[in-house]
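Heads up, the next two complexes both have chain A, just with different partners, chain B and then chain C.
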Partner chain A sequence: MLGLNKKDMNLLLLVAGLVIFAPFILNPFPEGSELAQFNAGYPDLMQRFVIFGIFAIGFNILFGLTGYLSFGHAAFLGVGSYAGVWMMKLLTMNVVPAIMISVVVAGLFSLLIGYISLRRSGIYFSILTLAFAQMSFALAYSVLTPLTGGETGLQLSLNDPRVLGISATETGSIPVTHFFGLEMRDSFELALGSWLFTFNAGYYLCAAVMLIAFYLSIRIFRSPFGMMLRAVKSNQQRMKYTGLNPKPYTLAAFVISGMYAGLAGGLMVSMDPLAGAERMFWTASGEVVLMAILGGAGTLIGPVLGAGLIKYMENILSKINSTILHEWFAFMPDGIEDVMVTLVYPFIGKGWHLTLGIMFMLVVIFLPGGLVEGGQRIARLFRRRGAKTDDSGAEQSQNTPAE
Partner chain B sequence: MGILEVKGVGKRFGGLQALGDVNLSVQENSVHAIIGPNGAGKSTLLNVLVGKLIPDTGSVMFEGQSVLGRSPHEINQMGISRVFQTPEIFGDLTVMENIMIPCFAKRDGSYRLHAFETVLHEKELVAQAEQILIDVNMIDKREMHAASMSRGDKRRLEMAMCLVQEPKLLLLDEPTAGMARADTNNTIDLLKEINEKRDITMCIIEHDMHVVFSLAERITVLAQGTPLVEDIPEKIKGHPKVQEAYLGQAHG
Partner chain C sequence: MSKSTLTRRGLLKTSAVAGAGLATPTVFGGAAWSAGHTGFTNAPEGSTVTLGFNVPQTGPYADEGADELRAYELAVEHLNGDGDGGMLPTFSSKVLDGTGIMGKKVEYVTGDTQTKSDAARASARSMIEKDGAIMITGGSSSGVAVAVQALCQEAGVIFMAGLTHSNDTTGKDKKANGFRHFFNSYMSGAALAPVLAANYGTDRKAYHLTADYNWGYTTEQAIKESTEAIGWETVNTVLTPLTQTDFSSYIAPVLQSGADVLVLNHYGGNMVNSLTNAVQFGLREAQANGKNFEIVVPLYSRLMAKGAGANVKGIFGSTNWHWSLPDEGSQAFTRSFGTKYGFPPSQAAHTCYVQTLLYADAVQRAGSFNPCAVVEALEGFEFDGLGNGPTLYRAEDHQCFKDVLVVKGKENPTSEFDLLEIVEITPVEQVTYAPDHPQFAGGALGTCNPGA
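Our next item is the complex of A and B:
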């Protein structure tokens, strides 16, 4: 179906199920309970999960398949964001043109940067992309202030022309983003017992786009083009002597992943029409590298998992403070409680980066294939235990690349 | 006129004249061997033929077209394939994928954005790839990771990758280097079969005289960047100049 084999179709359906039922899955704890702070099922965070999922899926097409490590991908996300906001300022608050222009502008920008950066490979390529991204950040932050809003960022105002829309609502406020009339901030709340589930229009738009993006990435992975990209990573010398020119393949991968980043940027401003230069800062580029590696670079689902995990930690782990810690360890004797809180404290709140760093180290050292490899190992363990009597069979599937 | 005509090719690296005035004519459907002591310029010559090096002087014509100034992938698309001294394969990919890549390169040229096709839906190419794997006796390894195979298998795979492109000229750089005698004989048989059944012209660089004399129809002897003699194997064997180049002068 849809040109996918059964295994890929199941993966797509699994991801579709996860994003459609995310408001339930991410809100497993009843409101008001102590564990409710671990609930991630609020619209703002759910949107971020899928948007960064798209960003990571795109990054993985470049890094996972060709092995070219770009350290400047946030630049494309930033450029996409600015383009999106400008579309809303000038044309309409409908998100569709904004998202489209984001993808196009990011694609053109990545064509330019990719064309220059891909003259080198390995560490030099990474440094070139990093340099370009930092240049873009500096320009957006200072010189290009009329275009980017500089320090304050680019935001909508009541004086925007908005040719196909209205400059201001009747009540004199800035109009909100919508999808052919459906407002992105529209939410439907469902209370079941003491559980509260929120279904947000913006989230479901992002989720639909993310599913399309994921589907396209599966198609690319299974296509001759995807195979050529893996050939680029494996042996460029052999590729050249097989009559293939690695350059255009790599550049195409770079532009496609740049467009994915632009798409993520466009969606971001569709949810919250504000674009700032910090979105292009090198730490933002580093974050998507972490997502891909943590989840499993070169796998289909890995980057999505990585994006989800990092965004969850960033938003949930960072909310925990020492008061909450004291509550957790309250059952212990006073002296030990204080010791425990002191021990755990550096890893939570603002220290969530420390936890992330340790996790990253553990994954790189023990699970070079990321969380996906971890999952595969566990699955294999179970399969071996279950099928000890009829051996073979399980061995065959171990070598299947890029699941 | 041969399929490959090398005329007056010279290449200098700093103070070293790697190739002098090399003239070489490879006849269509023949097996032509290039031999010579270490440092004779055999590999330099091969690198000129595949576009890795551009010579300072001379011309290289393949089927009446100049190959000079073209990049390796363009020269491959003209019909010249190369087997390396140490097998160059796509180690991270499966054996089948290793074969599918040259199939696509042959059909689609050096670049095509075929992102919405599916590799395994190209029935014709899959059949072609399976056939070549049967021919080189590797069909049972089709799902194996190429990097995990033995060196001999890697070389057979590389050969199969070249053959599936149906090149007009196959360049082999010491195809039996580091092989056991039994493997060497298998390779000789495979190459003989290729030459007879598929009408592929071959140009072999080789150290192993056993291989050279069992395969080659003509032999060029290179020494210090210039061809000493070119003749049929029987005459090369006893040629005084060849003995001199390999063993040094008899009365030093």
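Our next item is the complex of A and C:
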């Protein structure tokens, strides 16, 4: 079905299921309980999960297939965001034109940067992309302030021209982003006992786009084009000697993944209409590399898992403070409580980077194939009896060993 | 907009009434909403109210963020009636009685802005959507303040800005739901100019080094305009990248430019490095145009003075507040902060503490947590006893108008906290400007948004 074989179809259905039921899956703890702290089922974070999922899927098309490590992918996300906000300022608050222009602008920008950077490979390519991204950041942060809003970021204001829409609502506020009238911040809430699940319009739009992006990525992975990209990764010299020019393939992969990044940027501003220069900073580019490696580079679902894990830690772990810790350990005698709090404190709140770092090290050392490999190992434990591993993920990783 | 952004807690209650354990799907149309609710985002239910403290815990302003968080914790303690009450007894409005806000115990959630607009908005959104925060406050950078302020306007909660000095926060980017207690670039210029004229004369040539971002631009403009008004001449203005750590190449041309004053429109680590470089280049001992060469730092903070060490001696700048102020409010705050943490508070801590109290007081006076009621209570509110003398929250732009301190690096500091001395307390009349002043032009408050 849909041009996919059975395994890929199952994987797509699995991802679709996860994404559709995310509001349930991410809110496993009842409201008001101690563990509600760990619930991630609120619109902002769910949107981030799928948007960064798209970003990571796109990055993986370049990195996972061709092995070219771009260290400047955040620049495309940023450029896409700016284009999207300008579309909202000038044209309409409907998110569709904004998303489309984001993809187009990011695609053109990645064509330019890719054309230059791909003259080199390996570490030189990485450094070139890093340099371009930092240049874009510096431009956005100060030189191009009239265009990008500089440090403050580009945001909507009450006197935007907005040709196909209104500059301000009757109540004097800035109109909100919508999809043909469906406001992105509209939510429907379902209470089951003391559980509360939020279904957000914006999230489901992002989720639908993400499923399409994921489907396209499967098709690319399985296409002859994808095979060519793998050939680039395995041995570019050999490819040249057989009479094939790798450059058009790598450039196409670069532009495709740049457009994915632009799509993510466009969705980001559709959910929250502000574009800040920081999303082009090199740490943001590094983050998507982490996502891909953490989840499993070169696998289909890995980058999405990696993106989810990093965003979860950034948003949930960083919000735990010492007061909350004291509540958790309140049942212990005073002395021990303080010791426990002191022990745990460096790893939460502002220390979430530390926890992420440790986790990343553990994954790279013990699970070189990322979380996907972890999943496979667990799966293998359960079906040791089985004659043959029949796991779709396992199959992929055998086809495309991770970095 | 009338049917979105819901209250999780509120909904919980409703559904609990309908029968715990029973599936009760609820669709929110406009009518159902207004019937079941008090009609604004995150209306507090039950016996507690949640405030969101969104401060930089990592990144270049982490020190300030840490101090802000301490101040917030202290404020919550005092609002809930613990501790010594801090500025509550000295505050001119007496409606706060230590029983929380409107009888509801104050709870708080914290988040990390990372001094990035994106991260700050993500953190603020999670406070609003997940934790049900009714008010967001904090921040140590104007970019973040402006970004979060815009978010709070959209979401329909109140934003009480922390440390943000750019004119834009209450200028072109002002919002009806946002309030700033801290002073701004214009006020720095207006307060500094007369002191500079008195000390350095009216015939000076200034050279500006400006951090290349929003705050730098508005500060440069403010200082330039107010010093030119007293007869100074601006020789040159040079933008420096925010990430610059070595300013030697920017300092070297200064002496050859014919200027005799260097204005450093830098903040935080930038200022520490540029000032240190300038002093190393011997600018303090230099002579130009037959006068002693001078350096001016428009925005000072104690944390910066600490970083720059002995280099700040004798250098003029402005600040919002200093712990050595003799008035009752400042003393009470310094005492209770010192008792709890063992050192005096910074100006960032002060403004954050005061903002929390002002919000609580406004709610109490308005008799409602509804953001529109709070906005009404804060607009045009006059108060005293919070450390800056009589203060007005101006209705036109939600900026506080109060005395501004001109300070100077102390020649003989007695401790690592005693680095600045107050040269002059510039009266509020001198730093007041019209709401449509050109430096603040271009924005509109809009109307208050209660959300939901």
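FYI, the second predicted complex is superposed on the first by the 384 of 403 C-alpha atoms of A that agree within 3 Å, B and C clash if a C-alpha of one lies under 4 Å from a C-alpha of the other, contacts with A are read in each partner's own complex, and residues count from 1 in each chain.
The rule is short, and it goes like this: contacts are C-beta pairs under 8 Å (C-beta built on N, C-alpha and C of every residue); 3 or more make two chains touch, one makes a residue touch a chain.
A quick note: this is a predicted structure, and the numbers were derived from the prediction, not measured.
Trainee: Considering only the touch criterion stated at the top, classify A:A330 as touching first (chain B), second (chain C), both, or neither.
Mentor: In the superposition, A:A330 contacts neither chain B nor chain C.
Trainee: Check the residue A:I174 against both partner chains and state whether it touches chain B (first), chain C (second), both, or neither.
Mentor: second
Trainee: Determine, under the contact definition given at the top, whether A:R222 touches first (chain B), second (chain C), both, or neither.
Mentor: So A:R222 only meets chain B here.
Trainee: Which partner does A:V163 contact after superposing on A: first (chain B), second (chain C), both, neither?
Mentor: neither
Trainee: Between chain B and chain C, whom does A:M1 touch in the aligned arrangement: first, second, both, or neither?
Mentor: A:M1 sits against neither chain B nor chain C.
Trainee: Once the structures are superposed on A, label A:R48 by its partner contacts, choosing first (chain B), second (chain C), both or neither.
Mentor: second
Trainee: Which partner, once the models are overlaid, touches more of chain A's residues, chain C or chain B?
Mentor: Touching more of chain A: C.
Trainee: In their complex, what parts of chain B are in touch with chain A?
Mentor: 50, 71-73, 76-77, 81-82, 84, 88-94, 97, 100-102, 104-106, 108-122, 143-145, 161, 165
Trainee: Touching chain B in the complex: which residues of chain A?
Mentor: Touching chain B: residues 3, 5, 219-220, 222-228, 230-231, 233-235, 237-245, 248-249, 252, 256, 396, 399-401 of chain A.
Trainee: Spell out the part of chain C that touches chain A in their complex, as residue ranges.
Mentor: Those in contact with chain A are residues 1, 3-6, 8-9, 11-12, 14-16, 20-28, 57-58, 62, 108-112, 116-119, 121-123, 125-126, 129-130, 141-143, 146-147, 150-151, 153-154, 168, 173, 176, 212-215, 217, 239, 241-242, 443-444, 446-447, 449.
Trainee: Which of the residues in chain A come into contact with chain C in the complex?
Mentor: It comes out as residues 31-32, 39, 42-45, 48, 138, 141-142, 145, 150-153, 155-159, 168-169, 171-174, 176, 183, 185-194, 196, 198, 272, 274, 276, 278-279, 281, 314-315, 318-319, 321, 323, 349-350, 352-353.
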